[in-house]
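Residue numbering begins at 1 within each chain, and the chains themselves are lettered A, B, C and D in the order written.
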Amino acid sequence: MINKIFNSPAEAVEDIFDGATILISGFGEVGSPIELIHALIDKGVKNLTVVSNNTGSGYIGLAALIENKQVKKVICSFPKTANSVVFPELYSKGEIELELVPQGTLAERIRCGGAGIPAFYTPTSVGTILADGKEKRIINGKEYILEHAIKGDFALVKCLKADRYGNLVYNKTARNFGPIMCAAAKTTIVQAKQIVDVGDIDPEVVVTPGIFVQRVVSVPNPLEESVLIAENRRYPWN
Amino acid sequence: MINKIFNSPAEAVEDIFDGATILISGFGEVGSPIELIHALIDKGVKNLTVVSNNTGSGYIGLAALIENKQVKKVICSFPKTANSVVFPELYSKGEIELELVPQGTLAERIRCGGAGIPAFYTPTSVGTILADGKEKRIINGKEYILEHAIKGDFALVKCLKADRYGNLVYNKTARNFGPIMCAAAKTTIVQAKQIVDVGDIDPEVVVTPGIFVQRVVSVPNPLEESVLIAENRRYPWN
Amino acid sequence: MELKITGWDMNLVAQKIANDIPDGSYVNLGIGIPELVANHIPNGKEIIFHTENGLLGMGPQPEPDKIDPELINAGKKSVSAIPGACYFHHADSFMMIRGGHIDYCVLGAFQVSQEGDLANWSTGEPNSVPAVGGAMDLVAGVKNVFVITTHLTKKGEPKIVKECTYPLTGKNVVNKIYTNLAVIEVIDKKLFVLEMAPGVEFNFLQSVTEAELHTKT
Amino acid sequence: MELKITGWDMNLVAQKIANDIPDGSYVNLGIGIPELVANHIPNGKEIIFHTENGLLGMGPQPEPDKIDPELINAGKKSVSAIPGACYFHHADSFMMIRGGHIDYCVLGAFQVSQEGDLANWSTGEPNSVPAVGGAMDLVAGVKNVFVITTHLTKKGEPKIVKECTYPLTGKNVVNKIYTNLAVIEVIDKKLFVLEMAPGVEFNFLQSVTEAELHTKT
């Protein structure tokens, strides 16, 4: 029998290892799997490479993981947001690496990681410093650069509903990087607000097919990053 | 106001021109936009390049378009099916060109056509005659070949429901090539079993966002190819 | 340089853009001043707004009691979804952008060059954290790239320059520049003044523009 | 060559494959004989069948009154969808295949070489219409490629050969070969016999196999 449901975030992240590449869903706090990230902080592995659109806010979730010195490098498109303090400080001190990637290129590199496409040509960033050192190629008279797929050892993803097969649906713009990250990681760990019976999700509306998901954990009342930041909370809890 | 709804298949295909590249949805007859194809037969343009997974059955739909000598070349993965007679005959006489493409490569080339990705590397067909003459490249120790995007001047697609914005949902495995073809053509023409009001399709379950669709036409009772073939029907109607 | 002429209010500039975008267009608005454009769509014109974080058919900020914290725009502000909207993931969202499906984007600028190069993501300061977001994807893929900006920086330096000194977002990508002083079109790597704010004359406009300006005659 | 020994029935061969595929696997079955595997999944084992035309969680052929003509498998036969199934488009479907997400595929063969090359899409006859479908994608992407085939052709020629004479589907892609006479594993470009049908001895098996066979000792 297929049962991808794990009992707790701690159990679900138990085998994440030092030096792993981890894809983390979310656009800002929306779609960010805070409980899974906090479980990873509790666990305490180091030298992680994190692939995520942003670098977190305040001292909660992704920012707290970085503050806890567990992250060696981030691959992202927008490493600062309104309440972003941790990453900018470490970056200015040279204590964390950054690979800056245009958002659409980041998304496509992740999708290709899941699709078995090792590399592709794109017009994005041609003529800019982000194309420096990249292979250029003229195709049908237009210039493109070569970009490579991104794959993760693990993905941490947040969704709305999941079943024991790992079929997922999301809520509104919290979908963002979730579906492509699920497919691009060897082991995809998902926190779901709701676990439903197999068959409850209409086959026509499944967004992430279960084949892309290895573990599901129930987090019925996920924390809201911005609420915690407004309350000056930190993780580990202050 | 946005209103992509056209009055008839004839009106919707009116500006398709000689020599156009046309993407046609369907896996066998399932998802094949027969009424749009028949409108194209009525119109009578020639020298078309057709991109479709198969080449049609009997003398209905895509097979009838080919039988009517309107197609110069087909790009497909499987040009013969149980009741496929027209294409094999023309092909054996050298009267139609064939570009044979592995099915997944065909799908990815079409997706890339819609995604602004001009070319990509793939492991599929490495070491086979379908890789002959294609650029080879070793990436991370594994061999890949370069494949290029496919774009259409037009796409003819069948779906279940559409609204006046062009948002679409499909029925079961009739989805197949529809969504990626919609995005890969300059002008995408869709026949829908049902036209619904804007807002009737839940934003979470739209499969093809309206931005990828230019024209929608209502075909509430589409013909069933296999039923017509069993009755020895041909188009133009015998 | 201090301007005696303030020209158009930026809301009026946004309104000009809203008037120039045809009915039925798919439009992506950058964060900040470009968002003003959404407030000025004329009645009867149906414009579909795309936000790259996965929504086509973005509507205005909702009433406080209607806010869903998981429904935001690219600027991470709460928005709504119009009837006929749809949600999708990031790869599909940038398929719309890179694939040339978005008709217009409206972006802010640090600098625009006379050949239509755009610099709007980094001042290149060594200690700042670089952040590019979706800007490079938008200028590479969207059919028409409109820039909305004040004509001069806060320090009074020209933003429309011979060559951008800040890192580029894209080369030869800008189609039109809307400032408080003028509307300028980029045609074949030259800048043509289409309209000037009341009280602005060509010679004055050229004097506050480093790039060479032309008139359509 | 005419065989005195018919070996296992192909249903029994399919059953062996069904037994060898672990619980919880994602499996794609080729058209024809490979489809037999679905009939032999042991009770209690949950296997999810993928069909490349856009369905994960394919179930058996439905009762005539439950048939939806728009629900078919890759062989274009009517099928059903199990609870927990999902539909998707062709690019997503081949993302599952090419991206290494499918655990097992079971395919027919014209020939398998002793290095694990597979030829199963074309006999190379000059006047035939070539048709490849998803075969090349499957062998390039699926984690374990199983072949189910009769040991000899209808004409009595070996199908397990030193080098394929028919056009290849892929090079070094086959993991296991299941025939009516034996189960053979490909390890480091060599063929190892794992099991033989009742009455089949190694020397006999080698005599009807062009490729060199080995035993695991």
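Rule of thumb we're sticking to: a contact is a pair of C-beta atoms (placed from the backbone, for glycine too) under 8 Å apart; a residue touches a chain by one contact, two chains touch by 3 or more.
Only a predicted model underlies this, so the values are computations on that prediction, with no experimental measurement involved.
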**Complete:** Note: chains that touch chain B and chain C both are A
**Complete:** Check: interface with higher C-beta contact count, A-D vs A-C, is A-C
**Prompt:** When the centre of a chain is set as the mean of its C-alpha atoms, what distance in Å lies between chain A and chain D?
**Reply:** 36
**Fill in**
Expressed in whole Å, how far the mean CA point of chain A lies from that of chain C is 29
**Request:** Could you tell me the distance, in whole angstrom, between the mean C-alpha positions of chain C and chain D?
**Result:** 55
**Prompt:** Taking each residue of chain B in turn, which ones touch at least two of the other chains?
**Reply:** 108, 111, 115-117, 122-123, 170-172, 203-204
**Request:** Send over the residues of chain D in touch with two or more other chains.
**Result:** 55, 81, 87-88, 91, 94, 97-98, 140-141
**Request:** Determine which chains touch and list them pairwise.
**Result:** A-B, A-C, A-D, B-C, B-D
**Message:** Using the touch definition from the top, list the residues of chain D that touch chain B in their complex.
**Reply:** 51-55, 68-72, 76, 81, 87-91, 93-94, 97-98, 117, 127, 129-137, 140-141, 167-171
**Message:** Quick check: in the complex, which residue numbers of chain C touch chain B?
**Reply:** 23-24, 26, 44, 46, 48, 50, 55-57, 81, 83-88, 91-92, 94-102, 140-141
**chain B contact footprint on chain A (complex, rising order)** = 108, 112, 115-123, 137, 139-140, 142, 144, 148, 169-172, 202-205
**Request:** Give every residue of chain A touching chain D within the complex, in rising order.
**Result:** 1-2, 111, 113-117, 163, 165, 167, 183, 198-199, 201, 203-204, 206, 209-212
**Fill in**
Listed in rising order, the residues of chain A that touch chain C in the complex are 27-31, 53, 77-82, 87-88, 91-92, 98, 100-108, 110-111, 122-130, 170-180, 207, 224, 226
